[in-house]
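Note that the chains are named A, B, C, D and E in the order they appear, and that numbering of residues resets to 1 at the start of each chain.
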Amino acid sequence: MRQVVGLVLLLILVSLLLWGVLVMRDFGYPPSDMDDYMIEHAQQETGSNNVVAGVLLDYRGLDTLGEVTVLFTAVTGVLLLFRTLKRREENC
Amino acid sequence: MLSRIVRTVSNQLIVFVLIFGLYLIMHGHDSPGGGFQGGAVVASGVAMLLVAFGSGEIIQWLHVRRLTVVACIGALVFIAIAFAGTGTTFFYNFLLGTPIFGGVPPPGPGHGHVWSGGIIPLMEIAIGFIVMAGLSAVVLAMARFSGGKEIEE
Amino acid sequence: MDYLVTHSPALIVALPLLAAFAIPLISRLGPRVRAVLCLAVLGLVAALVAILAVDVHAVGIRLYTFGATAPEMALPGGYMVPVRIMFEVDGMSIFMGIVITTVAVASLIYSLQFLNGQTGQARFYSLMMLLYVGMMGLAFTGDMFNMFVFLEIASIAGTGLAAYRTNMADAVEGGFKYIVISAVSALMVLLAIGILYAQYNVLSIAALAHYMQYTTLDMMALGLLAGAFVMKLAGVPLHMWAPDTYTVAPAGTTPMILAASYTSMYALYRITFTLYGGHIDTAAIGWIVIIVGVLSMFVGVMMAVHQTDIKRMMAYHAISQGGYMLLGVGVGLAVIADPVALANYGRDAMNGGIFHIINHVFYKAMLFMTAEAIFFRVGTRDTNKMGGLARNMKWTAIFYAIGALAISGIPPFNGFASKLLIYQTVLSFNPVLSVIAMFVSLVTLASFAKVFYSAFTGPEMPGYKEVREVPKSMLIGMGILAACIILFGIFPGLIVDTIVAPATEALINQAPYINAVMGAAP
Amino acid sequence: MSALSYEAYAVWVPIVWVAALVVIGVIVLAWRNRGQKSYKKGTAQTDIFLSGIKVPPEEQRHVKAENVYWGFFEALKGFYSVLMRPHTGVVNDYILWFVALVAVAILILVLGA
Amino acid sequence: MEHIPLNFPFLAAMLLVGISLYIIVFKRNLIKLVMGVAILSSAINLFLVSLGYRAGGVAPIYTDAPEGSMVLPVPQALTLTNIVIGVAVLALMLTLVIHIYRNTGDIDSHKSRILKG
């Protein structure tokens, strides 16, 4: 029962998504106002030939800070969870 | 611990992995690459050593605690560079046009040079340290823990 | 001063981040230094939030563009599309900022002595700061992708904290459930962002709202975003992770995770009101929000009466109270297109819903703290085993009573202040909903009375004769929130006028938010 | 900023309510003081009388949490069995509910647009 | 480059989303569930990076190589961010699965449910 209902709902969701991307704009012809600005100005404004690096660390620098933070958070979390517990804590 | 052949080869190979990783980190702003990719390459080198030698041997010279310190320092350098721009705005590329990393490449196609990009190369290096230390620490802790031993606090 | 006001949106997020990165190094100098550092940073940030709040309420929206030549320069010279990430702080954002900061300060003070003698403290405080950063970034950001990144920071930090007691099987299980549902809902948010980006090639919320065409694909993105955020805010029927996670998280962090779920509620409001505001069929969406709200209220409270685990009962009440907020704001959303109804009761309904966020976070945070204080001394969360605790834990019992009266809407505590607004306005909208809301309040009182009766009153149980009151820092943490509860209950009009009304105004009127960025564009 | 809040609903003037509570408290205290003075603790006056049955020790007299509102839960047994069934505690089910809600929401929104 | 009929890359990404959701909903093994989340993350990476493709475009890096119109750089930056976030989430999930196994001796999602009701 659960299997059938779940499968039907999943199929509805996936078919809606598939239909959505079918009626979306054509692949390979994106609108590109923001990106054209970056491609044209990246060399002057960020001084890097690699436009992706310019986007990553200058235009969208806060995202990269967030990304580094996510990585740092995950490392901190993993090391927190793998810590050695003291005997006193084991009991409670 | 794997066989002598694997150990010998990975011992030699680690040098090239390190050089390749550092190259990716240094040249991130004018060719494909960057801090994340280079750091991941270096961390994969550590994973290779872990497979070849086993965690018991690696843990003797690569402590999780030291790796944490490296990651923290990398993150602090990164955010300090971002803070340094607050004269104008947070994350402002204040080094562009100055003698350090200040070069601006000529517009259009051409090969860039390392001394351009302002704060970007510095940030790439900081990110490289965070990623290599962080991922190595995670891999090391997991290997250590699944071997039945917990990491030192 | 001018410098501080201009840069405060960035500093509020960056300073705790700096502290989070530095804490693993600093804690080598000793726990005292670390505690002082944490408190100093949060105190500084609280001062910055106060400065920013005054500025936002006086001037309007405060814009901060990262990496531009000036903070207000959202659009590059002579160009019509914003290319950089920006923070946009309006009334609603700063309202969430105030809520989160107060809870964070109280939780931090509470945790100081709670953690004494435990391992992994350095990383615990680091994760706590990171969770704070994630929530504040989510509340302040004006960029869709940046919202996703901060959502992930908050989820990952919350997971690490929730699974803190790794030797207990239920703690690990609760953490795992939290990370799975967070990861899936965050990835759905990213899918929706991709669909929006594919059509308009911008990522800023203001620019997206400016260019929005309301095509079928946009509606699909709205469905994905709404589903994901309803999951994160624990609305019925997507609430089932919430009791699991809230129950197992250690003391200081449960209020923070609770606040994180209301930050997701903020994101839902931001999307429905600002991004899709005005043009969609608001009555239909409003009714959907109302139905989710009423379901949350009813199912949450009925499940809560049944529980015997004290924290699990409170977690179900958190779901139920979340329903009140959705009900209030949903009524506002349903009548937003009708100026007369909006002026008559819609605006006040939204005021009630938003005011309930701050009230609920305060008293529920305090209740979670009292539950964890009992756990700290007694070592169990099972109310069947408790009894007569009020004899030895007087302050905890008093704080629990204040929280229980506040959550049940008994005057003169703050829960009554916001619930009265909701009852009154919903009565004008649809009397049946108002009756349901009052009934839910009644059952809430009944379930809290049950726990008070079985845990705090009655004869002393034989095992708990030696139970002592909890340490001072924990009492101070609870005391801060109790003081806020009483103050908010006695001066509700002041609070509504100063911080709630601007938030409502910011939600109802989307034009200033868009014009702050796209003002120069045609 | 709008002129709203509690003037429109003059039910809630907190100061008056607090004053009313204080007055009620004073009245209750006064009532309490009118009680009988001859009441003595520790004598047979305060002993529990349970139809001659032996009174159990103090710890066993406490009503446990799951026994409070026993009749309520007994009466609503059918309702609670329905309500408990979706709360399985399996993480797959949580995601299934999510998929279901998103599918329905998108269907409603797309058909409505 | 010719015009490509039907948005095949988008369709592939959405099919992957469906497959991963199927795995997450129906597989009881927790490791498989984690793999499902990883596939979902990758599917969305594929979707994002194919959003930025421009017909006949070259990589958005100024080099000495022959010119062409460049593909969009922002989706690539978003994808890079999401890859790193995916790694972080994966590490944390696997850590928790290890702990669940250590505490209960089982990684079946239908058996390890202490918290319910």
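Note that in this section a contact is a pair of C-beta atoms (placed from the backbone, for glycine too) under 8 Å apart; a residue touches a chain by one contact, two chains touch by 3 or more.
Quick caveat, the model's predicted, so the values are computed rather than measured.
Engineer: Where the centre means the average of the CA atoms, what chain is farthest from chain A?
Structural biologist: Max centre-to-centre separation from chain A belongs to D.
Engineer: Measuring from the mean of all protein Cα atoms shown, which chain centre lies nearest?
Structural biologist: C
Engineer: Counting C-beta pairs in contact, does A-C beat C-E or the other way around?
Structural biologist: Comparing A-C with C-E, the pair joined by more C-beta contacts is A-C.
Engineer: Just grab the chain with the largest centre-to-centre distance to chain B, centres being mean Cα coordinates.
Structural biologist: Most distant chain from chain B: D.
Engineer: Using the average of all C-alpha atoms in each chain as its centre, how far is it in Å between chain A and chain D?
Structural biologist: 44
Engineer: For chain A versus chain B, what separation do you get between their C-alpha means, in angstrom?
Structural biologist: Roughly 21 Å, centre to centre.
Engineer: In angstrom, rounded to a whole number, how far apart do the mean CA points of chain C and chain D lie?
Structural biologist: Their C-alpha centroids are separated by 24 Å.
Engineer: Which parts of chain D, given as residue numbers and ranges, touch two or more other chains?
Structural biologist: In chain D, residues 87, 89, 91, 93, 95-96, 99, 102, 106, 110 touch at least two other chains, as defined above.
Engineer: Please set out, as single numbers or ranges, the residues of chain A touching at least two other chains.
Structural biologist: As it turns out, chain A has residues touching two or more other chains at 6, 10, 13, 16-17, 20, 24, 30, 32, 34-35, 38, 43, 49-50, 52, 54, 56, 58, 60-67, 69-75, 77-79, 81-84.
Engineer: Give the residues of chain E touching no fewer than two other chains, as numbers and ranges.
Structural biologist: Correct list: 17, 21, 24-26, 33, 51, 61-63, 72, 74, 78, 80-81, 84-85, 87-89, 91-92, 95-96, 99, 113-115, 117.
Engineer: If you go through all the chains, which pairs of them touch?
Structural biologist: Inter-chain contacts occur between A-B, A-C, A-D, A-E, B-C, B-E, C-D, C-E, D-E.
Engineer: Enumerate the contact residues on chain E facing chain D in the complex.
Structural biologist: 21, 24-28, 33, 109-110, 113-117
Engineer: Would you tell me which residues of chain C are touching chain B in their complex?
Structural biologist: Counting only chain C, the residues touching chain B are 7, 10-11, 14, 17-18, 21-22, 24-25, 64-71, 119-120.
Engineer: Report the residues of chain B in contact with chain C in the complex, numbered from low to high.
Structural biologist: So the residues of chain B touching chain C come out as 68-69, 72-73, 75-76, 79, 82-83, 85-86, 88-93, 153.
Engineer: Can you name the residues of chain E that touch chain A in the complex?
Structural biologist: The contact residues of chain E facing chain A are 1, 3-4, 6-11, 13-15, 17-18, 21-22, 25-26, 50-55, 60-63, 70, 72-74, 76-78, 80-81, 84-85, 87-89, 91-92, 95-96, 99.
Engineer: Which residues, counting only chain A, touch chain E once they are in their complex?
Structural biologist: 3, 6, 10, 13-14, 17-18, 20-22, 24, 26-30, 32, 34-35, 38-39, 42-43, 49-52, 54-56, 60, 63-64, 66-67, 70-71, 73-75, 77-78, 81-82
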